[in-house]
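For reference, chains read A, B, C and D in written order, and residue numbers begin at 1 within each chain.
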Amino acid sequence: MMNPNINEKDKRRIRDIVQDFARKHSLWVLAYGTGCGAIEIPPTMTSRYDAERFGIRGSATPRQADVLLITGYLATKTLKRVIRTYEQMQAPKYVIGFGSCTINGGMYWDSYNTINALDRYLPVDVYINGCMPRPESVIQGFIKLQSLIAEGKADGADKYQENLEWYRENQKKIIHNWKMPDYNW
Amino acid sequence: MLDKDCNENKCAEQIKKTFQTAEVEVKREKRVTVQLRSDLIPPFLSFAKEFMEFKHLSHMSCVDWVEDNELELVFILWNYEQQVQIIAKTRIERVNAQFVSVKKFWNQAETYEREFHEMYGVNFVGNDRLGEFILEDWEGVPPMLRDFDSIKYSKETFYQRPGREDAQNVRATIAKHSGEEVPGFAKDYTIRNIED
Amino acid sequence: MREKETTLYLGPQHPGITGNMMVKLKVAGDTIVKAETHVGYLHRAFEKLMENRTWTQCFPIVCRICVPEPDPNEENLARAIEEIEGREVPERAKYIRVMVLELARLASYQLWMGGQSGSMGLYTMPQWTVGDRDYILDLFEELTGGRIYHMYIWAGGVRRDLPDGLKGRVLNVLKYLENRLPDYDKLMFQNAMFRKRAEGVGIIPKEKAIEWGVVGSPLRGCGIKHDVRIDEPYEVYDKLEFEVPTHEGNDIWSRAMVRRQEIEQSISIIRQVLDKMPEGEYYNKIPNPLNWTIPAGDAFVKTESVRGEFGYYVVSDGSDKPRRVHVRGPAYVHGVTVLEEILKGANISDVSFIMNSLGTCPPEIER
Amino acid sequence: MAFDLKGILTPFAALSQGTKPPHTVKYPAEQKETAHRYRGMHHNDLEECIGCGTCSTICQNGAIDMIHIDGYETNNGDSGLRPRVDNGRCCWCALCVDVCPTGSLNLTSDYIYVTEDPDSFLWTPGVDNAKDGKEKLSWQSSEGKRLLDYERVPMKELEGTERVKSFAEVVLGYTEDEARKEADRCIACGICTDICPVHMHIPEYINAIARGEDDDAVRIIYDNNPLGEMCGKVCTRRCETTCAINHKGDPVAIRWLKEYVTARVKNADVIKEILNPDIAEPNGHSVGIIGAGPSGLTAAYYLALKGFDVTIYESKAHAGGMIMYGIPKYRLPLDSIDKQVDYMLSIGVKIKYNTKVGTDITFNELKEKHEAIMIGIGFEVPYPIGLTGEDAKGSIQAVNFLYNINSGINVDIGDKVAVIGGGNVAIDAARVSKRMGAEVTILYRRRVEDMPADWEEIEGAEHENVIIHPQAIPLEVISDENGKVTGVKYANAEMIADDKGGRPRPKIIEGDEHILPLTTLIGAIGQEADYSFIPDDIKEQIEISRGRIVVDENQATALPWLFATGDIANRQADAISAIADGYRAVKSIEKLLLKK
């Protein structure tokens, strides 16, 4: 565990560990169905698969949410809203990409209106395989996210902050009419 | 008064009588297809709705016949009483496409017209809601026109994840192995993947 | 004194919105003066994509047009192709198709009950209905290999025969759902709160309904008895006995009651189908899918989905790819012009309630 | 609305649910088993897979790449490539599974894969789940109806009893509808082209037929085979043995389709009209070809197209070589050969008939006249059967017999014929004899499945009531006092395993000897070439090994101006290999003379 070569910056303090432990057990998911994968969210959240067992539950507004689910394809028009939504969320915040569409375009790889690779526009912490992912896969994705949080590796939001320019460049390539407030979180 | 008891044949008769230039065909039971001059569409729709009880606008469509340099507008009407479906078609110029709005007959036609304006570039005179509908900040050719290449656009605009460059073409691999030279004209008959 | 008008944007990120769309409201106080729907957040250009795909390749993608009830899409495309091509479908396949469509209808109503009650704050209902819907999805998984996207109905029949013992399991699930109906009634349909919020809200004028293009349960909720399954029976609906429930009232309540009764009808239809289903072939094989061409021609086919008449206009130019596939979902009309019309004068808090009752499904509007 | 007390109270009935156990699937502690046809991740049986790439073709997501995997090389019947699925594209529709011609690609019940790395979604089925993929197969093509058509459109033939009455062509040929339907079965993977000696563009011309573009199909065929119609009738069609569809069904009838599309062209003029050949200006170089067999004709055709002055020297009165004289007319009618040869003549090929090199013209004269010479004389001298008494009257050789029959010379064979041998020539001789009204028996040393003849030919003979007597070793030809054959003595044999691991050998069963009464005995155990026309000094400079002239991969002998093709240069002993030789020789000659 104690690696002498580790950077001072990377060293996790007890406070971080406690914080991350608490965070991983209270994941509030923004209720925003961006794509067809959203249809598996109700079964995941309701009685049959009951994701609340993991402290996962819905949240109505971005300000209160911790997790943004990109449930599949993102139309360019939605991408703009998603970016805005993500930027309104407060850190710590995480993004889960659902299924093929977020990875390499999925079925809509040749559509003129959907993006192909989500990680060019938003930092993604976890990807779930499937088209669409079953509730078990979705829960597995959350479990993965929880373990990344516990290890302090779910640092997508930090990456976004650090590489904001690169993200902006990619985003603006798709969104021509960029009229949004600056990122200030 | 016009015959209320119109099955598909009687419908066809009625249309022929009223619109003499129309090409009317009974395709099968309950199906009537009508080809009309574009300026006859509004009177036809009005006639069908008011006098033939085709109250329900099932659908409106637009088809790009790029090789004829024409767009085809399609109106699909349904008569709930007689249970007959009319597909009325007309062709309009593809360049600077223009047509008269039919929203005065059916309010929902407005939505179709907004869509065709955006996707095919058809200007519907009399519809004041034309403009951005589904797309946002779209520049260039209306995307549903057949000369717009979606694959090319997607490849140029959206990032393609690398890592698949080692893919090989089966036919080319075998030809290379055997030394076969497939002549150019034969290649039209080589079955290709969707991306090639 | 006239109240000051403000503009309120409802969505696209809003928990009450059915799907990813936005309604721009002009409100005075909390009364809506004018509503404008904004769609396009889920536009994937299916129709364009299909023009690049061969006929067989279109089947896996059409089901994505409507997530809650994908099967009418497959059914429509298959039937349109069959009509243009003149392909026969084996009798058994027709019965299987009806079973799939009715199961999808049930699953979709389960989801609707959750959504409709959820949109008024009754959160127990989705816990029950969405949970129970999963049993139908299990049946789908067994029959088609997928929970949500089935890719099961295709031109010439269906993809696989019924697995052994599925009939019994379908009947078990139907029995279970039937036994659950009284629970749903008590919690939702007889609930005073639901009645109070639903009655007299979201009224579609009966005399305007057909002209506005209202179809499906909203039309039947105006007391007008039209249903594609009886108007123009497809597959084997003409050989089955079922009622088309209607309800006078023109409001959310009557739409809900129509749907509630349709659940029972669907269960009865599936039972009849299982009873009458003949043995035999389930698929009339198409030629080599790699170079399968369809003769030039066009067809408009429609299916009764949960939201109403679901149409496909398919044009073939004789090649191996469609010239045009144009999808007409009921929400295309319900979710734009009709919604805009009936939101006038409604209360802000009723917007998502009304949207739910109309079956507004944005992916179907913009595709 | 009035106060609704009941409506307020009934919802409380929901409380009764509190007593029921939850139906929650407590994932991950418990995992619900997926349905038996669930569509999860792919698995590919790498050994069964032939890399035809049909999965990749049908994928509407462009998700499947064909890639090289170590340990799998391109060879006959296998492209050496294997599919890799981009799970960032895949939608698990399983079209790839239902279309897979070998059934190697299936889906498994595995579906969970969660990672933070978006670049890790390339999934090579059968490699990435090599360990347990096969046990987890879920959605399988074997369960449902496959998307491809596995049954061949049957070829109509004359009835066996009808056939033996005349020399009419046995195979009736596909009608247009049948041909379209049969051609439509092809998945155009191209795997068949590798084994074809000529490497014809098979998927392309089949697809052209499927689309109704028959003229284009003819053009594609003539691109590297000017004897397409002949091949359509008599080719040994190794392509069909490697056809991808052959793994689970009947191979595409490549040969009959070629026959259909070439035979429908009425005459040489129409061929010329369709092909509209681009004949180069004369380049001043002259080439001499000895033998108008398949290889000679092929070389002559392409050389003439390229502007060479080509002359073929043919010892007989007709062009075609073995295909003219060796193949019976019920398989390859005379007018079919004439049509193909006439077309060649029309584009400038010259043929000198009845001109035997060595007798009518010397080899050295030829060498003076031409800058390059190609020999394609074939094997025409039959091997003796090697039995005592084989010089008897009525003991004849199959090639001579077929030659005479095809030349219209009457041969009296009587009513009881035995043919010795098991190759195509033997079967041809037998079936011809049958048509002449004789009762025919084939005596073959080994089992029927060991016979080198095509199974279709063997079957055809059986349908025509030719008696095939396998494991029969002839011992002696018996003749009467006039030296006329009266019978053949043979012994039955049993098959014994070969110690060295070779194929089983026949061993005579002692005492099991019989005499078959005969009027004619036909020997068909093989042929060789006659090289006597080649001057000794040239013979010394080239190498002749085991009856064949040794050539390199360009058909060149040790002498730069001398080329050899066909049976005398390859061991395949079929027309299509000869055509391939001729085609290759053209390139070498072009290189030699035009310094290209």
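The working rule: a residue touches a chain if its C-beta (ideal position, glycine included) is under 8 Å from a C-beta of that chain, and two chains touch if they have at least 3 such contacts.
The structure displayed is predicted, hence computed values, not measured ones.
Q: By the contact definition above, name the pair with the higher C-beta contact count: A-B or B-D.
A: Top pair by contacting C-beta pairs is B-D.
Q: Rounded to a whole Å, what is the gap between the Cα centroids of subunit A and subunit B?
A: Each chain's C-alpha centroid was found; their separation is 39 Å.
Q: With centres defined as the mean C-alpha position, give me the subunit B-subunit D separation in Å.
A: Inter-chain centre distance comes to 47 Å.
Q: Could you put a whole-Å number on the gap between the CA centroids of subunit A and subunit C?
A: So the centre of subunit A lies 30 Å away from the centre of subunit C.
Q: Taking the mean of the CA coordinates per chain, how far is subunit A from subunit D in Å?
A: Roughly 58 Å separates the two chain centres.
Q: Scan subunit D for residues touching two or more other chains and write them down.
A: Only 23, 57, 60-62, 86, 88, 91-92, 118, 187-188, 207, 211 qualify.
Q: Mark out which residues of subunit A touch at least two other chains, giving numbers and ranges.
A: 47-48, 77, 103-105, 107, 109-114, 117, 131, 134
Q: Can you list the subunit B residues in contact with two or more other chains?
A: Touching at least two other chains: 135-136, 143, 148, 150-151, 161, 191, 194.
Q: Taking touching chains as linked, do they make an open path (line), a single closed cycle (ring), a hub with spokes (star), an all-linked set (complete), or other?
A: Graph shape, chains as nodes and touching pairs as edges: complete.
Q: Using the touch definition up top, name the residues of subunit C that touch subunit D in the complex.
A: Touch residues, subunit C against subunit D: 53-54, 56-61, 124, 128, 131, 138, 141-142, 144-146, 149, 151, 159-161, 163, 183, 185-187, 190-193, 195-196, 199, 283, 285-291.
Q: Where on subunit D does subunit A make contact in their complex?
A: For subunit D paired with subunit A, touching residues are 22-28, 31-32, 41, 60-62, 86-92, 111-118, 121.
Q: Help me check something: in the complex, which residues belonging to subunit A touch subunit C?
A: Residue positions touching the partner: 30-36, 38-40, 42-43, 46-48, 58, 60, 62, 73, 75, 77-78, 81, 85, 107-108, 110-114, 131-132, 134.
Q: Under the definition above, what is the set of subunit A residues touching subunit D in their complex?
A: 47-50, 53, 97, 100, 102-107, 109-110, 117-119, 124-131, 133-137, 139-141, 143-144, 148, 153
Q: Flag every residue of subunit A that touches subunit B in the complex, lowest number first.
A: Those in contact with subunit B are residues 76-77, 80, 103-105, 109-117, 120, 170, 173-177.
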